[in-house]
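Chain naming follows the written order as A, B, C, D, E and F, and within any one chain the residues start at number 1.
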Amino acid sequence: MFKHQKELQFEAKPDRPDPIVAKYLQELIGGQYGEMSVAMQYLFQGWSCRGEEKYKDMIMDIATEEIGHVEMLATMVARLLEDAPIADQQAAMQANPTVGAIISGMNPQHAIVAGLGPRPADSVGNPWSGAYIIASGNLLADFRANLNAESQGRLQVARIYEMIDDQGVKDLLSVLLARDSYHQNLWASAVKELEEKEGSMLVPTTFPRDKERKDIAYDFYNFSQGDESSTGPWASGEALDGEGEYHWYDEPKVEGSAPNLKPVSPKMYGTSENKSEI
Amino acid sequence: MFKHQKELQFEAKPDRPDPIVAKYLQELIGGQYGEMSVAMQYLFQGWSCRGEEKYKDMIMDIATEEIGHVEMLATMVARLLEDAPIADQQAAMQANPTVGAIISGMNPQHAIVAGLGPRPADSVGNPWSGAYIIASGNLLADFRANLNAESQGRLQVARIYEMIDDQGVKDLLSVLLARDSYHQNLWASAVKELEEKEGSMLVPTTFPRDKERKDIAYDFYNFSQGDESSTGPWASGEALDGEGEYHWYDEPKVEGSAPNLKPVSPKMYGTSENKSEI
Amino acid sequence: MFKHQKELQFEAKPDRPDPIVAKYLQELIGGQYGEMSVAMQYLFQGWSCRGEEKYKDMIMDIATEEIGHVEMLATMVARLLEDAPIADQQAAMQANPTVGAIISGMNPQHAIVAGLGPRPADSVGNPWSGAYIIASGNLLADFRANLNAESQGRLQVARIYEMIDDQGVKDLLSVLLARDSYHQNLWASAVKELEEKEGSMLVPTTFPRDKERKDIAYDFYNFSQGDESSTGPWASGEALDGEGEYHWYDEPKVEGSAPNLKPVSPKMYGTSENKSEI
Amino acid sequence: MFKHQKELQFEAKPDRPDPIVAKYLQELIGGQYGEMSVAMQYLFQGWSCRGEEKYKDMIMDIATEEIGHVEMLATMVARLLEDAPIADQQAAMQANPTVGAIISGMNPQHAIVAGLGPRPADSVGNPWSGAYIIASGNLLADFRANLNAESQGRLQVARIYEMIDDQGVKDLLSVLLARDSYHQNLWASAVKELEEKEGSMLVPTTFPRDKERKDIAYDFYNFSQGDESSTGPWASGEALDGEGEYHWYDEPKVEGSAPNLKPVSPKMYGTSENKSEI
Amino acid sequence: MFKHQKELQFEAKPDRPDPIVAKYLQELIGGQYGEMSVAMQYLFQGWSCRGEEKYKDMIMDIATEEIGHVEMLATMVARLLEDAPIADQQAAMQANPTVGAIISGMNPQHAIVAGLGPRPADSVGNPWSGAYIIASGNLLADFRANLNAESQGRLQVARIYEMIDDQGVKDLLSVLLARDSYHQNLWASAVKELEEKEGSMLVPTTFPRDKERKDIAYDFYNFSQGDESSTGPWASGEALDGEGEYHWYDEPKVEGSAPNLKPVSPKMYGTSENKSEI
Amino acid sequence: MFKHQKELQFEAKPDRPDPIVAKYLQELIGGQYGEMSVAMQYLFQGWSCRGEEKYKDMIMDIATEEIGHVEMLATMVARLLEDAPIADQQAAMQANPTVGAIISGMNPQHAIVAGLGPRPADSVGNPWSGAYIIASGNLLADFRANLNAESQGRLQVARIYEMIDDQGVKDLLSVLLARDSYHQNLWASAVKELEEKEGSMLVPTTFPRDKERKDIAYDFYNFSQGDESSTGPWASGEALDGEGEYHWYDEPKVEGSAPNLKPVSPKMYGTSENKSEI
């Protein structure tokens, strides 16, 4: 069960309206790695959690914080859209090329659909999708997903930070950068603990390794011309998982044969080599 | 530039046809973490790579291997669909409930659309989407994405391994399990190297930390009832990044005020508190 | 800002596991009119609200309640999936046709992707989409959207209520039915108040009607054969908006001419009637 | 069965080409609440209609009219794109910033994909989706959906009306505004009739209310800080449905307990609290 | 402008209800190559047509026919869903495995969302998408798209024809098969005429061929192992376009160099080879 | 199995950076008819091929070439994005309207998400979708799909060729134009061979024509006003398939009756004409 508190966790006030900055911030609201994604991802992970209570409790803490992050960004976008040049644009574009560029660059749905409010979509207008998120029931896998999400998220915030000048927006971004720093630390710490506790870094750690083809589990195959890949830490020495030695092979191992599919029922009306069968 | 070799890297022959197993394997072909995803993700990362040549070369090696993984699974699915009960199904369902269950459970597009071949889609029929993948230009971020993808991927393969009995399919899955093991090792090794080389684990490592709100970058805020989250490694002690101490707060920090949006132009025909303005 | 309380608002315990019921409940979680939709729709409406504080406060109350509804359903789905027949399915299907039907009917992503947890998707597996929701900045329009959403939602709950036997699930559905009843009452009451306050039932009420073609604003045109449509309340008498009289016309009004597009630049390489131009 | 008449119902001629206005009008063609949506929504409702013939006939009339609305807008977009600055744009952008803004602002698919014709997509390029529409088999529910669609639609037309200067386009928009006025009247009239006929305003009206938790069907729970929501018509007095009294509670009712999921089969390779089980 | 006639063009009555056949027919309604696709594709082509009036008129004829095809299939689906086993399914599945298979195999949205009516979606539930269709403004290109659509469409109808036993449904399918036959003939005839009239079979026929690399416009490059491809009609002899000779090369032509991207601004926070730059 | 060669097949170097041209080229990478589409379409066709080996081998050759085309375009986009005006844009837009237009026109995800690299998406940002492609198992159908894809593809390349000035980009486009010319020739040659070999041009050629309503298989019905359609080659004379004579009818044939759906179970809570039934 959730409750809402009226105060924003942190302030969300731009120095001045700017519909193009509003368009950029949509990436942080409804993009693949925006706040809707982390909020929903953590919620579903928390609701599915069958692990220790401390994990479930922690996931729900962070999930709940992230809903508030969407709120701050949504508020910021609404304010950035105030006073956008929405009326009589054809004349305005002719009169002033700078205004023309702003009109051209703004997201038309911010005006037409949302009446100068935020959208559940990314910076080019793709609606947010449940396909962005994962809750697998395996915490080690999912915490890696979370670490990635916070990494991509902080990277995107850092880029927008450089793209704009508005100090009010930058103040909010500096908050998000810090929280993303913490969340990278948090998920990395949780990953480390789980790897130690489960005694392996291979997800899923409980799958019996004698059921996999362990003889090919440490091989690098050189599928692309050039051998620069042989100089990386993945090419030789003891594997990170502590159970094998990396090997770099100049050519891929080939065990299979050229596949030759059998004809299927002529009632499927496909093209078959065996014409008599059709 | 790419070249194709007729042999499959590993064999892809089921013991017997089974359209329901074919449906499951679609998750590994065209699902969020299927082989199309890793192939495309690594290709775009390789093509965008501005880092050291050894990374680019390595990424292209793995990307190219993964296209071949799609090929093996596509071949397996085609073979699993041979002899599916596709004709005169209404009578067949009445005659034999086990056949009825198979007909009910198979993906109808395997017959109607693909004529008993594989689909670029997942196990419930969602078409593969470019929205599944990431190539950010930041290798540390992307290698974490890759480590996650291989973790989710191996988890899904392990689950299907348990769900089925067909030894021929399991043989291919045991290959994929091993390659996913290697790829988890590989991306983790590459992540480790980059973190050491860049001197930080916070993506992006080059963002000046004095521009973020570092005073709140190590705080855990207890947004959900209960304090079990205070017992994890993310709640106290030195942070993984080595630049701060974790703190657990029973209540979130609140700096913001309750947001109060200004009315916008009446030409947007929204609802405004200030009715005179409309 | 949001906070999370550990208790579910209402209990969410099925009498027994059933993965097919779990599949149905996904429609109520991640379908077009599921709880994710109403939660997200109300959140975006609240965050964009420029109307009176009582509306904003009310919207946020309901929005926050709805996140908790997703939580109850997610918990229910997780429990319905416990003990699903996930292992060695090929043998199980042969051995027992009833088990076979359950295996055939369950959502394979519940096992393969979510490890027996809920998905952010509907009952056929389409991921939830931001395209389902609206927050237009016009409260009268949006409250109508909300009234529709609660109507479609209650209708779907009622259908599932009849489709299943499990009393534990029905207990939760009877809660949702009641809350949807209240929410229909609530949005209808709010619509009524706004229509009265704004003095019109035509969204947007503030658009000057002399700018529309008011001469055709009360006409029913008979575009389909048959005149049964002339017997409805929309065909004659005073219009609901109180500003006109309905008229039913046997034939549509036609003012336009047959369109004849001009050829465009030959550099677009289209097909033009005027071949010399290409 | 349908027939086509060459004349447009109303004229669709802009005063002058303008590719940015063309981009805006796409929202009215292929947006969530565009004419493709209402046409398709009404068609599916008509084709599924099991209610009185007068409803089916009326729905098909309006559905058929709406296909013609797509046609008028498609024609308008084609004409607005004539003479767009499509050739040698790089030089043109350097030479004239106003032209540059137009080039920047136009939808590139209008040129590259459609050769200066309309697209089945919205103003930011999202393709139209069947997920926008509803035909539930329950007319009261669906007429509410239709009333909402015409409300959102008229709102968007009104906004574009203000955003542009072109009188020819405005003439068409004034037609659409009038038809949307009529259609709001029509659906509201039909809703009123059905509510009276079915003796209830709660969709579905036939669900036995003793199967829902009627004791909580009139409660407002204050999930968000602040009590402004207590001052609305939904908070006290007789409910609109005439079967209860609204009550406003300062705190939500809580009946549930904190959920504790059971571990599932270790063959799902999830993370379980009970490690021995894995 | 369109008009609706109440009669179906052809009868749409199944011998008996069958929700699984209803699910299959959804592919023909809302699939990639279903009737919604051809209806919408032809409508947009007609509305964008700048070619001779006879083409525009013909396209609108076929487009209008196709809307009626959706209608026939929608009616058939509604009838196939009547008497589906929707109530008390859990008991029914236990009692009768054949009923169980039907319940498992039916599309749950047919009941929950549509109340036993058709959906604007395909046989696995993907909503119809505007991304399925093309209207390029180039009739030769689009008539090829249409020829393909009618080919895929007739293939799918033929497959479903074999999969089912219901004679009433087969009667409608035999109509669709015939109309698809005609439409293949029609689009092929129109393609032939345009190729002759435009004097080329290369779309777009008006692009000056001296602007393309004509020296590589007749080469087959052997990118895959094996030389079976050298035995086809594309490998030697005069090209179909009459302007060149096909050549088969054992190895691809390689003109490019290995790409080496330059570092970009450090403000993008990517990974660069040149670390000093970051 | 695939291998990667470091050299690009052809050079991919623009004369100068230009983020708007980069945006356009995305259509050729990730659009409906971009290189990802043809690569994936041909791969799935090859992997599913049950026809003669020469077809399978040929399909794999072209598929493999097309992956390399994505690579060339991805490289070009990365280079076009170098030196894009990404920093301090708000000041830059005010200072220089031409720079402002470039900032407005660029795809924001090129900077924020991809760090100045290519995206798996089209020119308006829609992610590439598996729903774009087809592999039906019927080669004649699929080769028509391929002929269409190469026609639409070459048309789009030709348009972009005219829209831009950059000679380096044009050099690559002239390569793509030539390869698309060849591929149109190739698929048309293969279509011709299959039509001759299978003795029919009606896909699927093996469906027994006595099962279709051959009496209506050569009729053109005039569904739209005007009789210009009667003058085309599809309206009279021998049909292309050689099995009938085209006929043009001024009115459509009507065999069906007005559909009247039966009421369904009241447990679906729909609206039924027969109120006693609810």
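What to note about this one:
In this text, a residue touches a chain if its C-beta (ideal position, glycine included) is under 8 Å from a C-beta of that chain, and two chains touch if they have at least 3 such contacts.
Please read all numbers here as calculations on a predicted model, not as lab measurements.
Among the remaining chains, those touching subunit C as well as subunit D are A, B, E, F. Taking each chain's centre as the mean of its C-alpha atoms, the one that lies farthest from the centre of subunit D is B. By the residue-number overlap criterion, the interface of subunit B with subunit E counts as different, with under half of its numbers used by both chains.
Once the centre of each chain is set as its mean CA position, subunit E and subunit F turn out to be 10 Å apart.
A separation of 28 Å divides the Cα centre of subunit A from that of subunit F.
Inter-chain spacing, taken between the CA centroids of subunit B and subunit D, is 32 Å.
Under the contact definition stated at the top, the residues of subunit E that touch 2 or more other chains are 1-9, 32, 48, 53, 55, 60-61, 64, 68, 75, 78, 86-87, 97, 100-101, 104-105, 111, 113, 115-116, 121, 124-127, 129, 131, 134, 136-138, 140, 155, 158-159, 162-163, 204, 207, 223-224, 226, 252, 254, 256, 261-262, 264, 267-270.
Looking at the complex, you find that subunit C touches subunit A at residues 1-9, 30, 36, 40, 43-44, 47-48, 60-61, 63-64, 67-68, 70-71, 74-75, 78, 113-121, 127-131, 133-138. Contact residues of subunit A toward subunit F in the complex are 18, 20-21, 23-24, 27, 31-32, 97-98, 100-102, 104-105, 122-126, 155-156, 159-160, 162-166, 223-226, 252, 254, 256, 261-264, 266, 268-273, 278.
Subunit D makes touch with subunit F in their complex at residues 1-6, 48-53, 55, 86-91, 93-94, 97, 100-101, 103-105, 107-109, 111-113, 115, 121, 124-127, 136-140, 194, 204, 206-207. Put simply, subunit A touches subunit E in their complex at residues 155, 158-159, 162-163, 267-269.
Residues 5-12, 32-33, 53-58, 60-62, 64-65, 68, 72, 75, 78-79, 81-83, 86-87, 111, 115-116, 126, 129, 131-132, 134, 136, 138, 140-141, 144-145, 147-148, 151-152, 154-155, 158, 161, 170, 174-175, 177-179, 181-182, 184-186, 188-190, 192-193, 201-204, 207, 209, 211-224, 226-229, 231-234, 239-241, 246, 252-259, 261-262, 264-265, 267-270 of subunit C are the ones that touch subunit D when the two sit in their complex.
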